[in-house]
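What follows is subunit A paired twice: with subunit B in the first complex and subunit C in the second.
Showing the complex of A and B:
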């Protein structure tokens, strides 16, 4: 292919990637190192506000932003270095908690509390998704031709549901006297409040995530199962290998690249856990890193929002995902080099 | 909730285009409004729509959209619905206009109480007040020979008796949902203790005796509530009432009407309104108002039309059509039984919500910071110190403190 033709082919996608990936990334990166704030003045103002029967007027010192000639709020942008990261990470309190060996103190710092849950959520659901996914794939693979279609359809259903909607339905099923809580209460003959402590909420979040994502893993593994070398399987049977041995020694090694692929996708997705926190209204008990970013970004009623800290938090999330992916990437790289 | 809002907005636009019915004048200028989505706003915008050429957007997320939408030139909306706190960003950005001339020409009937003025300029027209006050099941209190609680402590004592008698699932309801609602509960309690949240230099002043006492009172109340109280917002508590699950709650006046709505409520006629229970200094409540503002970045003709339409929306006719949708400030409103609680709360000296830029930050960090105390993960001093630290970080980032 001529260089010119090549350029014409990839040009649009490079442009798109710059516009939609590189530019936002650079902008977030930049925002995490600067703080933009209005210039404020303090003035004495008389305010009259509505009471039930009469107006109440008060004169007080009020801080309000300075407007420029065109009527816009005058803002200044200042380079603050790593200050914003410091504000998110709160390293001072972190080291103090480490020195005191106080887990409670550590869990009282928002970022570390969110990191603890995010990591646990990611690492606990990973083997479950792989395991359940593989199990479903094997069931589909061994189902007779006649019912294969319906079985695939049924097992894919959870994956089709929009994550927020799924989380909300779990919330409604279990919250207060939801149907399933009522059933559990009747069955166990005791009062339950599943949303009144952190650990039950976390359990439900993990259960929901595995339920939701396992079908995706299953369908990928099912595709992989179609290419397992039948000769090896047959000779294994002749050699007297049990079902479990065949699975462990032939099928799983064959599926290894797919296992890594699913694991990578899952790590990237789960580290950004968010829908569960919002859908379960769990902010009071459990928060995740992505929720923290969202919270920084949400304006309060007076219109303030923490763009800088949201950017820093987003950058930290990206770094976290990169670190988690390192072992898997290393393995893929080794395999890649080995195959040449 | 969102879906409901969207559906409602859709329905509203449909109503809007249906056009002129009982408006005093024919509106020729296309107008748009962005307001919250609760009952009173629905009543008001329905009446505005009768003037024709008017599109209402009722949206519970309005406060996230309003500042940006009004900053556009021309502004995306002509009429805005605000409360005392949500007016601050618009006022700060100069995107709402002084209404002195328009009030002189078209608003002579307004009572002085409705005119929200800042440094002599009328910036908003209030239409209703809202506060949290005591709602209780009269039948339950009568059965147990309980007096109507007048202080927060009496309310807790009554709750203990009701719990003992085991007549409802939970004696108390409370809007303790982590976030804005929980922040508001602390605000009410701290105001009731006579506290101020920030000083003249915007430095936080909550880490003191009053702050600790407020936290302890809130925690004492939670033991009588549904253990999932950290997700209980106004609608949740309202439904608990309607389904007969709770006996008392300090709930928003704007929710009072729903108690007697036969389509939703199983306790019609059984819920009575009373003043918010007293704290040491004032009722555990704060007074809010809701009203309309007109955008700066529109032509004077549009502003005039918008103001006239808005006046149609908040006229006596609206009050007569929906007397129970709110505690109206509008001429012709006669407070009924449902407004008794809001009125008594005001009469007992409830303080206005101290809206300001700094308070916006304070409210957010309170809303996020109190849950660990209620969960038992932090003691009161640490909680307040952490909240003040979080406030300082946010306020420094916002530029409010050096």
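Showing the complex of A and C:
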């Protein structure tokens, strides 16, 4: 294919990606170093009140925003360096908490609280998704041909559902005297308040995420199971390998590339955890890195959005993404070089 | 020998079957349960006794419910519709649609079936059951308490129909544009094999992993002030991009683009290159070969990718909630606004009904396109 023809085919797509992905990245990078705020001036104001014989006058210094010709508040953009990062990270409070060895103090700082939850969420759900996905794939593969279709249909439902709605639907099962809370209370014979502390909410969020992603893992693994070499399975049987040995020594090594693929996708997606916080209305207890950026971007009561702080927290979030991506890119590069 | 040696002991088969049943229950339960809740009065919906939620005594006491006759007739109508769609519709569509426009014929057929179903189910059925219920005695008595009032509240009083329309606009826009742009790029990338193509794919992979909030943080200041900086180019009527569905469509298309080109590339790579080379030998240009030879065999891949684009646009909360103003709100952010002000349990059940309304189209989608979705999920992984 000639370069000119190639450019004509890929051009529109590249243009869209440059305009709406690369350009915003530059804009975020720039915004994290500048602050735009109204210009204030300090003026001397003389207030006089009528008094006996003569007026009582006081002069005060008053700060007020400068207006331009059309009566709008004048804004100015100022380069502040790493000041916004400082505001998001709150390093002063961070070191204080570290010095006191106080975990609670550390968890009162929004950024570190969000980072702690995001990392824990990512690392806890990963083995669960791989394990549950593999188990579902094995039992679907084991089921009779007739019920495979309906079972895959049911399995796809949690995967396809809108994340916010999925989180909400699980939320409603537990909220208040929800059906599952009632069941757990009857079973454990004690009163439960599942939405009153962070760790129970985190457990529900993890349950939701595994429920939502395990079908994807299961279907990928199920497709992989179809291509397991039957000959090596048979020879393993002849050599007297037990069922468990066959699974461990033949099936799982065969699925290894798929396990890595699902793990990479899952790491990338869970690191961006966000919808759970909205769906479980957990913002008072548990927040994630992406939710922190979202919160900076939503207008506060005065209608202001803290764009600079959102940009800084977005840049900090991306450091994690970069770390996650390095092994993946290394592998792709090796494959690419190997294929040439 | 194979069959016998590989046969599983009964205990293993039972454990495996039990686990499968357990998984199916967990997969379907939350969705099925909110569907049941959405038809009950608030007292029943949040009852701690599951039987009360299912049979809804308080709802029945309010005088709304379904009799055995109504349930039977309703199920019959649903079954007949499904049967007609699967058995009779394909040959009819094939024979009535003009050559080459089968897709158009299907759209018309879908609209007709949908209209017919709504007319019979909500128009004709209540009339018939109202006549028959008093005559039939026990068969005509309400046994399950159920009410559709929450759906009426959501769709009519709360104006969910506007949100539905907005969702429709955004998803249609995203699917058409990202498929048009994506198929061209996917074809180019699959056939090129140059180092440049490799780097484009790698950069797309990096873009795919970016959190969407990062991108939105980049758009917001630009979109809000767009009237100012577009003025030199467009003059007086420069638009404010913030709040406009068109801007959100462009953003979602771009966010979706890395995924789309990766997926379409892997589908194109499965079509033998000999096919377009033969066309080129016969004197076609690259574009002509693409349009006349490759596209006709590419439809399965395009439909699969279109489904995933649809899901991304339909399910999105972050981008639409931050970039659309209240009058252009789509369904998912609208429901988030609904539960913020929920104070009474009635409001909660109304929100449940809205959630079920959002899920219903997805349910139909999986039913119709199950095979395509599965092939899309495995395309990226298994084929490499």
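The rule is short, and it goes like this: the second predicted complex is superposed on the first by the 290 of 340 C-alpha atoms of A that agree within 3 Å, B and C clash if a C-alpha of one lies under 4 Å from a C-alpha of the other, contacts with A are read in each partner's own complex, and residues count from 1 in each chain.
Convention: a residue touches a chain if its C-beta (ideal position, glycine included) is under 8 Å from a C-beta of that chain, and two chains touch if they have at least 3 such contacts.
In this text the structure is predicted, and so the values were computed from the model without any measurement.
Novice: Tell me which partner A:300 touches in the superposition: subunit B (first), subunit C (second), both or neither.
Specialist: first
Novice: With both complexes overlaid on chain A, does A:120 touch subunit B (first), subunit C (second), both or neither?
Specialist: Neither partner.
Novice: Touching A:61, do we find subunit B (first), subunit C (second), both, or neither?
Specialist: In the superposition, A:61 touches subunit B alone.
Novice: Touching A:108, do we find subunit B (first), subunit C (second), both, or neither?
Specialist: In the superposed model, A:108 contacts subunit B only, not subunit C.
Novice: By the touch definition at the top of the document, which applies to A:195: first (subunit B), second (subunit C), both, or neither?
Specialist: first
Novice: Comparing subunit C with subunit B, which touches more residues belonging to subunit A?
Specialist: So, of the two partners, C touches more residues of subunit A.
Novice: Classify the contacts of A:45 with the two partner chains as first (subunit B alone), second (subunit C alone), both, or neither.
Specialist: In the superposition, A:45 contacts subunit B only.
Novice: For A:176, select first, second, both or neither according to whether it touches subunit B, subunit C, the two together, or no partner.
Specialist: Once the two structures are laid over each other on A, A:176 reaches both partners.
Novice: Contacts for A:311 in the overlay, against subunit B (first) and subunit C (second): which applies, first, second, both or neither?
Specialist: second
Novice: Return first, second, both or neither, reflecting whether A:281 touches subunit B, subunit C, both chains, or no partner chain.
Specialist: A:281 sits against subunit B and subunit C alike.
Novice: State which residues of subunit A lie in both footprints, the one left by subunit B and the one left by subunit C.
Specialist: Overlap of subunit B and subunit C footprints on subunit A: residues 176, 281, 298.
Novice: What part of subunit B is in contact with subunit A in the complex they form?
Specialist: Subunit B reaches subunit A through residues 63-64, 67, 84-86, 88-89, 91-94, 112-120, 126, 129, 177-180, 182, 200, 202, 226-228, 230-231, 287, 289, 291, 296, 327, 329, 342-343, 345-347, 352, 355-361, 363-364, 368, 371-372, 374-375, 377-378, 382, 386, 393-394, 397-400.
Novice: State the interface residues of subunit C toward subunit A in the complex, per the touch definition above.
Specialist: Residues in contact with subunit A: 2, 5-6, 8, 12-13, 16-17, 19-20, 23-24, 26-28, 30-31, 33-34, 37, 46-50, 53, 180-182, 184-185, 187-189, 191-192, 194, 196-198, 200, 202-222, 250-251, 253-255, 257-258, 261, 286-287, 311, 314-315, 317-318, 322, 332, 335-336, 339, 348, 351-352, 355, 358-359, 362-363, 365-367, 370, 373-374, 377-378, 380-382.
Novice: What does subunit A use to touch subunit B in their complex?
Specialist: 35, 37-40, 42, 45-57, 60-65, 67, 71-73, 76, 84, 87, 104, 107-108, 110, 175-176, 193-196, 198, 281, 283-285, 295, 298-304, 306, 308-309
Novice: Touching subunit C in the complex: which residues of subunit A?
Specialist: Touch list, subunit A to subunit C: 1, 5-6, 8-10, 12-14, 16-17, 19-28, 31, 36, 135-136, 138-140, 142-143, 149, 151-158, 160-166, 168-170, 172-173, 176-179, 181-182, 211, 215-216, 219-220, 223-224, 227, 230, 233-234, 237, 243, 258, 261-262, 268, 271-272, 274-275, 278, 281, 289-290, 293-294, 296-298, 305, 307, 310-311, 314-315, 317-318, 321, 324-325, 328-329, 332-333, 336.
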